[in-house]
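Before anything else, here is the set of structures, which you'll find just below.
Look at the two complexes coming up: chain A is in both, with chain B in one and chain C in the other.
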Partner chain A sequence: MSAGSGTGPRAPATGVGRAARPDARSRRQLALMLAPYLVGLVGLVLLPALVTLALAFTHYDLVRPPAWAGFDNVTALVEDPIFRIALTNTLVFAVVAVPLRMLLALGLALLLHRRAPGAGTARAAALLPTAVPEIAYGLLWLWLLNPLYGPVNQVLRVGGENGLTALGRTPPQWLTDPTDARAAIILMSLFTMGETFVVLLAARRALPRDVYEMAAVEDATGWDVFRRITLPLMAPVLALLAVRDAIASLHFTFVPAFVVTDGGPPPYATTYLSLFVYQTGFEYLRYGYAAAATLVMMVLTLAAVLVQWRLIRRYRRFYPR
Partner chain B sequence: MSGAGLVLDGVSAAYRTETVLHEIDLAVARGELLVVLGPSGAGKSTVLRVVAGLEPVTAGRVRIAGRDVTDQRPGLRNVSMVFQSYALFPHLTVAENIAFGLEVRDTPRRVARERARAAAETVGCAGLLDRRPGQLSGGERQRVALARALVREPDVFLLDEPLSNLDLALRVEMRAELRALHDRLGATMVHVTHDQTEALVLADRIAVLRDGRIEQVGTPEEIWRTPATVFVARFVGSPAMNLLPAGGPLLPIGDPPALPVEAQIGFRPEAATLDAGHGAPATVDRVEVVGEDAYVYLTLEGGKPVVARVPTARRPDRGAAVRVGVRWADTHVFDAASGRRLAP
Partner chain C sequence: MTTVRLKSLLAVALCGALAVTGCGSGAGSSSRDQVKLLVFGAPEELAAYRTLIDAYEAARPGYRVQLIEASDRKDLLARLATSVAGGAPPDVFLMNYRFYGQFAAKGVVEPLDERIAASAAVDPADYYPVAMDAFKWRDQQLCLPQNVSSLAVYYNRTLFAKYGVPEPRPGWTWNDLVGTAIAMTRDNRGVVIKGTEAEGAARLPAVHGLGVEPSIIRLAPLVWSNGGEIVDDPDRPTRLVLDSPAAREALKNLVDLRLAYGVVPSDAEVEAEDDESRFVNGRLAMLMTSRRATTNFRTITGFDWDVAPLPVYRRPVGVLHSDAYCMTGGSRNKDAAWRFMEYAMSADGQKIIAATGRTVPSHVETSRSPAFLDPNLPPRNSRVFLDAIPTVRALPTVSTWPEIEDLSYGILENAVHRGDRLDDVIRELDTKSRPVFARGENG
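Right, the complex of A and B next:
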């Protein structure tokens, strides 16, 4: 650029031309800058993924060399009742937890997007659980959900007698009852929607103010404003975040299930795919079998990415600018 | 024009701690088109926002069609607003945009759509009903915004610089259409602009606003012929009115009115003559030719600048020595200290 700046009024034109058709030198520069990322992508993601793909068709216990197994692992997976439970648990979790997380994040974003006293503190508080290290977060909930002295059940027992709630029911047995344990994992996941919350907060604040003033002049109710303006304008962001959250939900069940419930209570109430893969691979040393289960997770992720891709294309058509 | 369409009674408004409107008194008759004219930051838009209820007043009352609406929320005031940015909903079609105000007021969908179509036909955008705002040009968006304001029957239309985002040709066209529309509807309108030509062409009356205070309210002719202050005199008219000390060096021709010691005279560029045998000597700095007219920028002896408009055919050359003359009949006299009009 320093050579071009002295050549007078034609310099910007040549600069534009260079940016449009990069010459060999700047192409080399771009390649050089991209290299670290590419090396990481290939070495840390693509190669392991390919190895996993290959291992899925072998018997491998991390000690003896892998032995070719053909489709044995896949057929075994289909017939494995524990795998089926893990898959169902994973899908049920995604179907229940993702909408709840989105709803919570959207609600908080709409509540806290304005300048108001305490709004900044409240935003920080909404984000904070996401920043807590996962293991610490899991251990914290282990205490919170303790059926006897945990604060959650102590609150639920307020106003009741003999250890029952005010309605005369037994408080949830969070970590020992299968349904309650699944609910506990979902409850835990609700408070880590910080990233979704921040993106929605930014999306809401980016919406034009005059559109809302217009609605105020037309006497639209809060519900009308939400239904006819806010929701449709935020729909693209919401849809993409929901898919992203669905993909992430394959993974963020792992630590809670591992630390808090250890996949239990029986029968495998909180064994999700991620935990299933971990236990199969590293506890039972059936590495090839675990790789086959990982393959199923990859297929689920791929399906979600396809949905996301279609959404992006659809919304690009929707907003031609 | 009978009865009050809109009355502002000593209205003040503030953003945070800064007062932007100072006890504004303004009355708009029913069916009148009032243009609020002023430079950027004069508080023009704030006047509209206070009327619409988007901005609270810190003092005074707002009355629309005889109702005191000062403490009512925007939706209850029965006003329509056209925003400078048009504020169209990007996800709705033109028809849905226009019908929005009706549908949120629980008008049946079929009726709302019919009235939307009628409003679109009024402003000439009926062919766009199925498009989305992203597919429209600036002028088309402007029409849709107008149609959306027309679809109800509000007591007052508020237009916030609706023409400022259009190119010149379209602005001139829409200006005429807007005036015709007002004449057809007979609606009370308050139109905000910083464009003096727009104000002079459109308005029944003009309110000139400066730093949150009203300088003058009057018909376009009154604003042009008898500007109440130096500010109004110089803000309306392009190039701006010449302003010189009454004591010289330029002394108008004819019988002078009785003048106090500290006075200023003002005259428009078209009132100045250059071919008179008498008048104050001046040098030509530059000449701008705009078709048939030439604007001659002069410096009087003593350094005061003067602009004169002359026919292009009779323009002087740059650097030429000329004599500038003006008649008392074409001269405005202002108090030098207060800037207020003294005579005639």
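Right, the complex of A and C next:
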């Protein structure tokens, strides 16, 4: 495992002495460089997360001291219809949006990994929406999805009459119909897969060329190449990105739902757990209750990771190294 | 070793700098006499607060006020809650009586009775009692009302003249309102059309007769005017009671504006262009809203507009809209905060805010002065707001009222735009509001 370390017991004594000093020094330097991040991680993420977990078992309104509540908040969550809707919306979003985002990112990576005219511009265009600040991105979509004056519906009306599409149907009511609004949030999330795209692009470009050359010699079809070579070789990266995206999907619905749909249209069509937690904690001052909902989010995250981990292990059995 | 020590020191210094900048309040000043004022509002309102602060600082040299601007009401609530929890609350904040209950119940707001009794500048008799009473919690005066508005009907006079429709008059009834709204809903050729036919394939109205949001604060005065109630006990409410014949009739009439007559814009039209913008753009003949809209409407140059009282069912009743200056119990600068509140509540302070057009001053004398009734500034009929004050009623101040408003808005929106059955709507309002009322604390 540590072939290059040079600190094994069989190394010459002088070698050990020479190697130990730079190692100890570099470790100290690494520790120092890591320290600010670790301080931030502990102080701004881990400790608040632990405190939030503890507050999930209290009645706490951000103002008066917390009072022990046992499992009252969790019991109340189970009976809360708005929480159940938020939980369902979150799970549906994750199940639909994560595979779509992965597919889109993979498709673009496979399409744009070669040197070709316009490929660089296309790569930049695929990455650009990720660089737009979240609130600005939300406000942009608020305009794009405007039911009457928005460009999306204007385009859909081309060829139609009396405000209908060319197929004679009413264009999607992105902000007023529950199903269309959920679709709009998923649509918005698709264009922010830039990071996933970049990682997959790098992964694809790192694949060995000779494997593809051998496949070409054997007249393998494009589908075969994808199924037998590209997918298995990229599977570890894809799996890692899928886990990351599944975790992220639990919270990146917040800004679109907050800015574009405000959790609606009624009843709570785009109220996701993240928005539910924010409203309950900071607008209604039920912080203990919101902390319990956060606990559920964390459990969901853990469950998503475990399920995907098992799937990856099962996949590896088919493609042993 | 020296290099390592130097790097160590640098890292420690960086961490220290991060900690200091990260934990700083961002206030930029720690002056003992500096008062932090938390508000939200349109740019014109924020400009008025800056003018108020400048005038205060000029009148009281040495005293400073820092304006903290929230983006909207929800942002203000979140900022207030988190700053109180963090032990660094603003000294003074502005809040509507419908939303202050949750902070009053938790002891966030400082009682002001002793300061009022000792003050030479603030006399409760100078202010409208209905506004003062709205900010009493368990017999203690917690905040001082800045304004005392109510619901009214803004209308586009130019459009009324163009189509030869009589303008709204004091004492007009609900049926008059519906008839007027029908007569004002027109297509782009100026022909009266029914907005309900605009769904899907048919033409959209170029002008809608009326804009009114399907909220409990809009419905309440209509129910009261018809002799009904919206809650079972205004002092200690436990449920929404829209199942009485009077309340049901008022609710049905509100729903019919969209479903039967099509005089109010559809939900898609509202999402495309909100009612206030629609009015400003000349595409809405009438808009039922509070005095708050005036600031925006004063930017209108393309047409003449005015304001009329609410239509009446059996007796004239209005709903109170009022915001107040509240002092936080955790303020470290209460005396300075009180001095600023005294100034803001004085005739001079109220005149500055009234100049924006956004408020009806709670100070009786100021409300009757040209600062509010300036004949050169629209609306010409500002007196409508003063005439309504004797009839206005306040909504409950139960601590969970913000949740009640949010949940009822969704249900009422579906009733008006989706056509949910009235029985289901009334039952849903009742059953869903009960547990929220049960969690609430009353003043």
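Everything below uses one rule, namely that the second predicted complex is superposed on the first by the 268 of 321 C-alpha atoms of A that agree within 3 Å, B and C clash if a C-alpha of one lies under 4 Å from a C-alpha of the other, contacts with A are read in each partner's own complex, and residues count from 1 in each chain.
The working rule: contacts are C-beta pairs under 8 Å (C-beta built on N, C-alpha and C of every residue); 3 or more make two chains touch, one makes a residue touch a chain.
All figures in this text were calculated on a predicted structure; none of them were measured in a lab.
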After the chain A overlay, clash or fit between chain B and chain C?
fit
Just to be sure I read the superposition right, which of the two partners does A:121 touch: chain B = first, chain C = second, or both, or neither?
neither
Applying the touch criterion given at the start, work out whether A:233 contacts chain B, chain C, both or neither, answering first, second, both or neither.
first
First, second, both or neither for A:88, with chain B first and chain C second:
neither
Scan A:149 for contacts with chain B and chain C and give back first, second, both or neither.
second
By the touch definition at the top of the document, which applies to A:75: first (chain B), second (chain C), both, or neither?
neither
Figure out whether A:179 sits in contact with chain B (first) or chain C (second), or with both, or with neither.
neither
Touched partner set for A:61, first chain B, second chain C, both or neither:
second
Comparing the two partners chain B and chain C, which touches a greater set of residues in chain A:
C
How far apart, in whole Å, are the nearest Cα atoms of chain B and chain C in the superposition?
43
Within their complex, state which residues of chain B touch chain A.
52-54, 73-77, 79-81, 83, 85, 87, 89-92, 100-101, 104-105, 132, 134-135
For the complex, give me every residue of chain A touching chain C.
25, 28-29, 32-33, 35-36, 39-40, 61-64, 146-150, 161-164, 170, 173, 175-176, 264-268, 279, 282-285, 287
Under the definition above, what is the set of chain A residues touching chain B in their complex?
208, 210-211, 213-221, 224, 228-229, 232-233, 235, 318-321
Under the stated contact criterion, what part of chain C meets chain A in this complex?
4, 7-8, 11, 14-15, 18, 74, 77-78, 81-82, 84-85, 102-103, 106-108, 200-204, 267-269, 271-273, 400, 402-403, 406, 409-411, 413-414, 417
